[in-house]
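In the two assemblies presented below, chain A is common to both, partnered first by chain B and then by chain C.
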Partner chain A sequence: MSDSLLRVTGVAKRFGPVVTARDVSFEVAAGEALGLVGPNGAGKTTLLDIVGGTQRADAGTVVLDGRDITRLGAAARADRGIARSYQVPRPFGGLTVYENVLVGASFAGQRHARTGPADDAGAQAWHALEVTGMTEVANTPSGSLRLLDRKRLEVARALATRPRLLLLDEIAGGLTDRELPQVVRLVRSLRDDGVAVVWIEHVLHALLDVVDRLMCLAAGEVIAQGDPHDVIRSPEVIEVYLGSTVDAVTDPAPDPATTPPGETA
Partner chain B sequence: MDWLNAGVQGVLLGGQYALLACGLSLIFGVMRIVNLAHGVLAVLAAYLSLVLVEQGLPLWLAVVVVVPVFAALGYAVQRGLFNPALAQVGGGARGGSGGGSRGAGELAPLLVSFGVAVALTNLLQVVFSADTRKIPTGGLASAGLPLGDLSVGVLPLITLAVAVAVIAAVQLFLARTATGRAMRAVADDAGAAAMMGVDPKHMYAVATALAFATLALAGVFVGMSTQFSSGYGDLVLLFAFEAVIIGGLGSLWGTLAGGVVLGLAQTIGAQIDPQSGVLAGHLVFLAVLVVRPGGLMPRSVPA
Partner chain C sequence: MSGPAAVAPSTPPATPPTAPTVTRGGRGSWVGGGAMLLVVVLLAAVVPYAVTLGALSSLVMLFALVILGTTWNLLAGYGGMVSVGQQAYVGVGGYALIQLADAVGAPPWAAVLAAGLVGAAIALPTSYLVFRLAGGYFAIGTWVVAEVFRLVTMQIDGLGGGTGLSLSAFRGTDRVERVAFVYWFALALMVAVVLGTYLLMRSRVGLGLTAIRDDRVAASSLGVAVDRGRRLVYVAGSAGAALAGALIALSTLGVTPGSIYSVNWTAAMIFIVVVGGIGTIEGPIVGAVLYWVLQQALAPLGTWYLVVLGAVAVAVVLLAPRGLWGLAAGRYQLFPTTHHVRPLAASATVAPRTGR
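Then we have the complex of A and B:
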């Protein structure tokens, strides 16, 4: 995949004795969605931190669109089109929902997205609220939002930066069956618009509805990577997930290749 | 009538304190740094204006020169001194998921500002000696407006007006501009703000530049109304700090209210006993801390 938007090579990170990334390499093409799964503590979020620039890897390189960004800080990477949602929402509590989104629209991606007049940022911010269904709470102080809206705001803020690469950290957890398809549709439409997505998610059937490829991490190492349905059926992945999650997930998923051979309920 | 006079003078004095405290409040609100060099920096601004006036510059022109110079100084001090110290506080990107990572490094920015305060105070003493000075105002400092039976000083009136204008302007800047919003975002969660393209280090430096600009303006007004010397910064810091705490940390309108409360306490206290004005101010400060530890208007803005 020579035309990859993101290329992570040989990334390693340890916190004292705890290894959260060991020789991790992967690529994501423009308009491609990569799912990231693995047990708790596998190093999924750390990997997003390293790609997003909020943490520095001990070794390895991060290349975006052919340019080495390993040494760039988070703000500079946001400028180049990387956006991020946090698993535990981190809204700017002192700002309204609209203001939260406006910050991203005003500052990130100026290099390649800023073309229009000054109120361009306002329109961009409003669009992000529309896409995520948050216009009704636009003027609410974000500190007083309920959890679902906080999660939506995470995505809206990320979208407002007009990302080329979107890093999503468990945006589906806690959503109802009615809300889940909306999120899936949203991520899929972003991908179809050419945005590359790296999505950490425990709600596997949501993930499998969208992603083109799946990568499974365990103890900081990539143990499987490739076609989503191949990955969740690989013995290593099943072992890591102790079977149960995979079974629960493959059943309801609209899976064309049915009858997983090697699995027992 | 004496009491009324004390009240009016107290409010006017409060304007000066609020102007002094505005920058201190802003830096604390955005970065959680208590800048102990605040007072001596204000005195430095007063000295610089004095030197320029003595060189023949009109006072207004001296202000026009000193304020931008201090803004630039603020930007440089933040990038050169405070930011490296903040980096020791949990990597500089504080808040959110990084919570709890604050260690002994928490004190670093405070200690750096203390170092600046001590060194600068001594430098001022070497350069300007310990003699008291005052910026000549051509009679402005002693001019008064008759108001009924009272006489209201023109300079304190201007100071109060400037204080209100400056605080309103900073408040408007924080509320309405993209940079102001980014500053509030960084104050909330620097890490999340960085992921949205806002460089916290730059934003901190802009905040400090703004704070230093207001502090320079305040220093000039202090220098016009008061006999100051190289050691006067301690008292400036003390009163500014009291105004900030009384008003509520991180709230600019609160800081204005805090300045007025402190000014009133001092003038009314002095009305009761001429020797006890400053003491009365300290007692009110202490009382607010006991009764409302968060201050009168805690944390409405900016964070």
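Then we have the complex of A and C:
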């Protein structure tokens, strides 16, 4: 299986009596988008932490591009092309929006000098702001941003590292009907450009619009993974969702997220 | 160029994104910089001929305070490490200076610089110890380390035990010549430390350090080597404290363990940084000048001096939480570290890092 970019095998993690990951295994191919769903507390964010390197798994391995990165820290993984957005935004409050993004552009990958000299960090940062529509607030201190802009900044910062694998943690929650299609288009264009994406999202119709595969976690275990529409219809998934969310999905109202890319919102 | 193209030839050459126009600082910074240059020139060329030797010695203390404030700010304001034990390195610097100048026979200027290096050399292994502690435990831990340094110093033969050491390298040197030398050397050192700190914080490394201060986890996720960055700050900040300690010993011609390892040095650093404005280059300079002026003006009042100092600190923290410089920051930056971008025409598409 040399064509999988990310291979997670048998990952386990517990906090005292609480199991947040139990024998979790999955793969993501280059340029593939994997959706991650599950009820609150299912261990979705923990899984991203383990892949991103901000938490160590108790057991199991994480392999990126055939290389075992289980023991690497977050910075070394960022260097190898893994980027991460946080569900609860973590801006560098003392820096402007541009400088926040410049951190991503200046550090990850630069040590290996594969992306050219650090001189183009500025260009890379600016580009990330353009793609996420944040150029207007480039000089704003990030500590004074609205919540939605903070979430957008999370994505911009991650993009500025020019990742090969992008881990997104609930970037669509709270977006308006106008903004949602923009996010969907952004993620889709990233994937089409060859970036692998793992996306945790409660806004299911946005997720289903982009992802190639879907994985459902419950109580730290993978209860279903595969074709997105099969997964959301599987009895196990319906059971953990107690029907409510599934109703919304199986009976989709005409929603703006399905607007084809390229059309103006 | 063994770049991405070699690995993924199918990737079309993405239009290189255009860099935005970035300005750092404006006319205010040039004016302010010019004013500071003028002050330095006055301090170097006019003041020594206009004031008494006693005043010159007390200005040396001001320069040492600026170095202490600047380097403690590096730790707390940029590294997020609130150390209450930097007197450890003030002491190491003081003792190292006297040993290097008297026992080794190094010229005083070289002994001061070498004392800074000794501070760095001791800070590096110490960092592995204190970095195991976080937050309040780090603060207390550093204080404990400083006490250990003091006690160990007193136990080492040849370091004078509880009475300390006096500097004899200047024996036979004319007093005027000695005070003038120490004054100019201290001035040069202060300028070098402030400029060095500024250039560090303006650089890519400084950007990473600020990111670490604001959010360590997010910084690591963006590729900033957090442990290495913090260690760099701790070692550099401790070397600065050692330089200041060496200057103080050079100026006062001796050390005693009780005074050179006194926690009051760190209390002064905290006052200087918090009152001046934490996380700015300018703040510690403002704070050091205020601290020094209060010290000079209130010295005859005895204990009341400490009461006034405390009242000033409380008032500033309540009325200007970002310090005195915080009142001006935003409008003025004498040492501009921020980036101001000017928008430009929209550019190319996403350029993913394929084929790494």
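Assume the second predicted complex is superposed on the first by the 242 of 265 C-alpha atoms of A that agree within 3 Å, B and C clash if a C-alpha of one lies under 4 Å from a C-alpha of the other, contacts with A are read in each partner's own complex, and residues count from 1 in each chain.
The working rule: a residue touches a chain if its C-beta (ideal position, glycine included) is under 8 Å from a C-beta of that chain, and two chains touch if they have at least 3 such contacts.
All figures in this text were calculated on a predicted structure; none of them were measured in a lab.
Colleague: Identify whether chain B and chain C fit side by side or clash on chain A in the overlaid structures.
Modeller: With chain A as the common anchor, chain B and chain C collide in the superposed model.
Colleague: Where does A:234 make contact in the superposed view: on chain B (first), on chain C (second), on both, or on neither?
Modeller: neither
Colleague: Once the shared chain is lined up, is A:73 touching chain B (first), chain C (second), both, or neither of them?
Modeller: both
Colleague: Looking at the overlay, does A:88 come into contact with chain B only (first), chain C only (second), both, or neither?
Modeller: Touch partner of A:88: chain B, not chain C.
Colleague: Which partner chains sit in contact with A:162 here, chain B, chain C, both or neither? Use first/second/both/neither.
Modeller: second
Colleague: Please indicate which partner A:46 is in contact with in the superposed arrangement: first for chain B, second for chain C, both, or neither.
Modeller: neither
Colleague: Of the partners chain B and chain C, which touch A:195 in the superposed model: first, second, both, neither?
Modeller: second
Colleague: Could you tell me if A:135 is touching chain B, chain C, both of them or neither one (first, second, both, neither)?
Modeller: second
Colleague: Counting only touches as set out at the top, which of chain B and chain C does A:107 meet: first, second, both, neither?
Modeller: both
Colleague: Among the partners chain B and chain C, which is in contact with a greater number of residues of chain A?
Modeller: Answer, by number of touched residues of chain A: C.
Colleague: So, A:127: does it touch chain B (first), chain C (second), both, or neither?
Modeller: second
Colleague: Check each of 5-13, 59-67 or 347-355 in chain C against chain B and return the one that clashes.
Modeller: The stretch that clashes with chain B is 59-67.
Colleague: Which residues would you name on chain A as touching chain B in one complex and chain C in the other?
Modeller: Shared contact residues on chain A: 52-54, 73-75, 78-79, 83-84, 86, 90-95, 99-100, 102-104, 106-110, 121, 157-158, 160-161.
Colleague: Quick check on the complex: what are the chain A residues that touch chain B?
Modeller: Listed in rising order, the residues are 52-54, 73-76, 78-79, 83-84, 86, 88, 90-95, 99-100, 102-104, 106-110, 121, 157-158, 160-161.
Colleague: Mind pulling up the chain C residues that touch chain A in the complex?
Modeller: By the definition above, chain C touches chain A via 3-4, 11, 16-20, 22, 204, 207-208, 210-211, 213-215, 217-226, 279, 338-341, 343-344, 346-354, 356.
Colleague: In the complex of these two chains, what residues of chain A are touching chain C?
Modeller: Those residues of chain A that touch chain C are 30, 52-54, 65, 73-75, 78-81, 83-84, 86, 90-96, 98-100, 102-104, 106-112, 114-116, 118-124, 126-127, 130-131, 135-136, 138-139, 157-164, 189-190, 193-195.
Colleague: For chain B, which residues are in contact with chain A within the complex?
Modeller: For chain B paired with chain A, touching residues are 93, 95-97, 178, 181-182, 184-185, 187-189, 191-200, 301-303.
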